[in-house]
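Across the two complexes that follow, subunit A remains constant while its partner is subunit B and subsequently subunit C.
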Partner chain A sequence: MGVFSILRDGLARNRLLGLILAGFALFPVLSGIMDEPFWNDLAMRIMLLGMAAMGLNLVLGYGGMVSFGHAAFVGIGAYCVGISQFYGFDNGWAHIAISLAACGLLGLVIGFLSLRTTGIYFIMITLAFAQMLYFLFVSLETYGGDDGMSIDRADFMPIDLWDPLRLYYLIWAGLVIVSLLLMVIVRSRFGVVLEAIRGNESRVEAMGLVPLHFKITGYVISAMICGLAGALFASWQEYVSPDIMHWSRSGELMIIIILGGIGTMAGPLIGAVAFLLLEEWLPELMHLVAPAYAENWMIIFGPVLIGVVLFARGGLVGLLARIGGRRS
Partner chain B sequence: MSVQARTGPVLSLAGLNKSYGALQATGDVALEVAAGEIHALIGPNGAGKTTLVRQIYGSEAPDSGSIRLRGEEIGHLSVPQRVRQGIGRSFQISNVLADFTVIENAVIAEAARTGDAFRFLRPAVSDPVLVEGAIKILSRVGIEGRADTPVSDLAHGERRLLELALALASDPALLLLDEPMAGAGPEETQHMIGIIDRLRGDVGILLIEHDMDAVFRLADRVTVLVEGAVIASGTPDEIAGDAAVRAAYLGSDDDAAA
Partner chain C sequence: MSFILLLEQIFNGLQFGVTLFLIAAGLTLILGIMDFVFLAHGAQVMIGAYAAASLTALTGHFYLGILLAIPITFASGYLLEYLLIRHLYRRNHMDQVLATFGLILFFNELIRIGFGPAALFSSLPPSLSGFVNILPDTPYPLFRLLVIAVGLACALGIHLLVSRTRMGAMVRAGANNETMTAALGVNIRVLRRLVFAAGACLAGVAGMMLGPLTAVEPGMGEPLLILSLVVIIIGGIGSVRGAFIAAILIGIVDTMGRVLLPVILRSFMGQAAADGAGPALASMMVYILMSLVLVIRPTGLFPPKG
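Right after this comes the complex of A and B.
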């Protein structure tokens, strides 16, 4: 089976994800017709957050490892770009390579130290590592400390990013590559063993495999995907601060996954769409209905999330599948 | 492999000790399983049978003593290393991959057996090489007909058979079976006895079982464990006639029949 047919097979099994990716490819046409360039900005943010959530989903959804510190990898990915530029190093492709290498290495170290534990201990250790990195960057005055550092749009030769649409399609291409990579990985031998470990680690051991090796590898891949999202995020936001790796950002990624459908291919991306649209529209909606409470849109947002978790098991992907199943 | 390793015992334990505080779970145990024989390990509840199996398997470390597999000391090896050295195990409570289908269970076992589990590209479950090996694994216990069934839909006995198939997948020299008949109905028990009987000669089996009928039909040799220590070891006939065993175990009216 060649690479091409593996990818075709993967796409055929993940039509929903394929549809969303196609939707993002065509979206700028719509926002162009409606003359709403801000929509593209929102779509880019959705794609970036979706990409990071997809990375986390490999360990959280498929591997069953509840990592509560993945925003740290997004942050390190972004800071790699900022710090590279700080020292006059401007090549965007090299930034991405540096981000991938740094997050891969960091994922290896954190994974190696934390994956010996499980359950609540694992959650706490990953959170602790993320907080350490957060406070490290808060204290690094050279790189802006608490205030963060501004970033110039990097030089992605031969793509000149002066046109925001080119940045849009750079991010889109990154998302497509991550999607294809993940849909292949989860069905490979490695991916199937990783999922087996989630359900029954002792049986995998009894087969003569070392679960830790698979978990660490999954953790590293996941960290690198988040690093890529972070590197692209830096170019999109043209700014990075420690806030990007605050623990609440890690929580956001987890909420996005659960909202969209944990352990599914399309879930994190659909979750990112829903999460950011709600975040965008709810305040406006509140402003119309009850202007005095517009700032407290979280009052509605919270119960919506709880509702999805309680009543739409399998998240929005599960909900869509059930609606589709009823129709056919 | 030397001639001696091939003809000598597949498993030999010597001077094995394990205590939990004041409780001696394993007391100076010596035991041998010959290649291809079925060796039953019996004893009342709490005698330390499962604890002994866990030490052989590697999920529990003995305080002292030696564990040799085909003549080689394995006491320092991890569970996966011991599995690759030739130990297969079934557990007291069925231990299979419950979220997967029967064939997927076997495909993963086959990928593990061939040592090629670290691959990231080709889909595993539709890989003809793996599927062919997986069908062989399943047919060894006769459940290849249930290949596409999700494990959650299997009957108890079928789950037990799948677990046995997975334990056999790595072509072990020694198979540790921890109460394979537990919870099975009379028909399932007969079926399981037949399948274990057919493995005789292929693989050395250490069988923990409470069903005395099964033990005496299957075992070439029987070792009796009481309070962590071996009180008798011999052929089924010798064991049945052993006064100490009768006193300590068979004759007692607590759970000999359980």
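Right after this comes the complex of A and C.
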């Protein structure tokens, strides 16, 4: 199958993802009409987190490798921008190239060392590498240490990012490219083998393939996608600190994927939408119902997550599919 | 660096190590026997610390507070298993991660609502706040010494319980092959609940002992959870003996690293740079140690047989 027919096929199979991407494309019109520029800011954050989660989902959902350290790649991607600027290097496209190269290389090394282990041991060794990088950046006083470093909005020639809306569509374009790329990967021979490894590694080996090669390749691609999200994140936030690599951020990416639906195309993005909207709306809801406890919205958020596990198997995508199935 | 300071730090490391062991002992059994990824174990530490601190304040007696807090931690583990956890055993690891992450948020917020966001500081009774000479002219805080003693006693108790009693044999058999153990007539559901409650109780005791040494605050359990996961992985999942050795190792490496690394760094870089980089590098050492262990032995130092 050629790339274009895979894409056509992929879009037909992933209407939900196509729908969300179209929604994000049209969203600034809505926020423009409502005169709520803050909404665009939230939407950019959702897209960036969704992009990183999609990257992680390639290994976690499709490859069955539960990496608990992917925030490190997001962080490295962002720091590549900050450090490049620190040395007076301003071109945004070059920043992205540097981020991709650095995360790819790092993914190769970490993947090579970690993929000898499986199961919970793999979860923990990926966490270990992420923690090392986190503490490394805490200790690098040159690049701000604990306090982080501020970043100027990079120079994406010929696009001038003075208008925040242009940054919005730059991020959107990145998200679309990542989505299309993942569609092609998942439907390709490589993607099929990756899923087969998740199902039964020894059978794949018995067919004469080397599972490790596929797993490492998947790990590198996923690290690079997170690096891209990180590089764009740096431009959006105009600031980067080690906090972006904290283990709880890696956990957040995992939570977003599980919430949305593991191993589905649209899951990570839906998860990011739900996660950040809950984070945004629950405090306001609490403010209306019980003003004294408005700051304690997590008392609701926690049980909501537990409820998703108990009552919505397969995450929100599974829930949507069941609702859709019942209707038709 | 004097010998006395070094000795003091070894004792501090030992004290931190046994505390970690108390947290890790239950968690390694929960992960090993039940194959359950329980991220909210750190919340049990927090519950123990808060129960002891508030009951001590309420009754005015440190020992009475501790004595009353222990059954509370046991009950909290028992209830949690009964209400939620038992419905999640058959789910995959990722569902367990999401649900127990939700539990962390819930418990931290519950404590924040009940006790406020600020840290509680509990003071020691006069009988425990003194110093003891561990060597001639080498005073060491009595309470820390007591923590080491309690931790070692608990470790011995757990060892005897697991390796010498009928109950322990059931637990070990369950870790090895759950279906076969159930077929032999062991009520695996009750066994699980008891292991869970005992694990919560041990974690709670760790929290009670940390209370007077550190700040008791919402979210205090999560850094400890991560460290005790490191301990479990180094020791080998499901191995209590492995958890003990790894906990002492991590406790000493972490404590010594924090003290020694800045001193070592100062000898070849500026004072300010060394003080900035030292603590961060010390924190890295634990993870470097774990990844070295895993690269050499991918299933930890003492992988359970079977």
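Simple rule for what comes next: the second predicted complex is superposed on the first by the 326 of 328 C-alpha atoms of A that agree within 3 Å, B and C clash if a C-alpha of one lies under 4 Å from a C-alpha of the other, contacts with A are read in each partner's own complex, and residues count from 1 in each chain.
To be clear about the criterion, a contact is a pair of C-beta atoms (placed from the backbone, for glycine too) under 8 Å apart; a residue touches a chain by one contact, two chains touch by 3 or more.
Because the structure is predicted, anything quoted here is derived from the model rather than measured.
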Contacts of A:46 with subunit B and subunit C, given as first, second, both or neither: neither
First, second, both or neither for A:266, with subunit B first and subunit C second: neither
Which superposed partner A:202 touches (first subunit B, second subunit C, both, neither): first
More subunit A residues in contact - subunit B or subunit C: C
Touching partner for A:135 - first (subunit B), second (subunit C), both, neither: second
Partner chain in contact with A:193 - subunit B first, subunit C second, else both or neither: first
Contacts of A:100 with subunit B and subunit C, given as first, second, both or neither: neither
Partner chain(s) touched by A:9 [first = subunit B, second = subunit C, both, neither]: first
Complex contacts: residues of subunit A adjacent to subunit B: 1, 3, 6, 9, 184-185, 187-193, 195-196, 198-200, 202-210, 213-214, 217
Subunit A partner contacts - residues on subunit C that touch it in the complex: 31, 37, 84, 87-88, 91, 93-95, 97-99, 101-110, 112-113, 222, 226, 229-230, 233, 237, 272-273, 276-277, 279-281, 283-284, 287-288, 290-291, 294-295, 298-300
Subunit C-facing residues of subunit A, complex: 60, 66, 113, 116-118, 120-121, 124-125, 127-129, 131-132, 135-136, 138-141, 145, 247-248, 251, 254-255, 258-259, 262, 293, 296, 298-299, 301-306, 308-310
Residues of subunit B defined as touching subunit A within the complex: 78-80, 83-84, 88-89, 91, 95-100, 104, 107-109, 111-113, 116-125, 127, 130, 166-167, 169-170
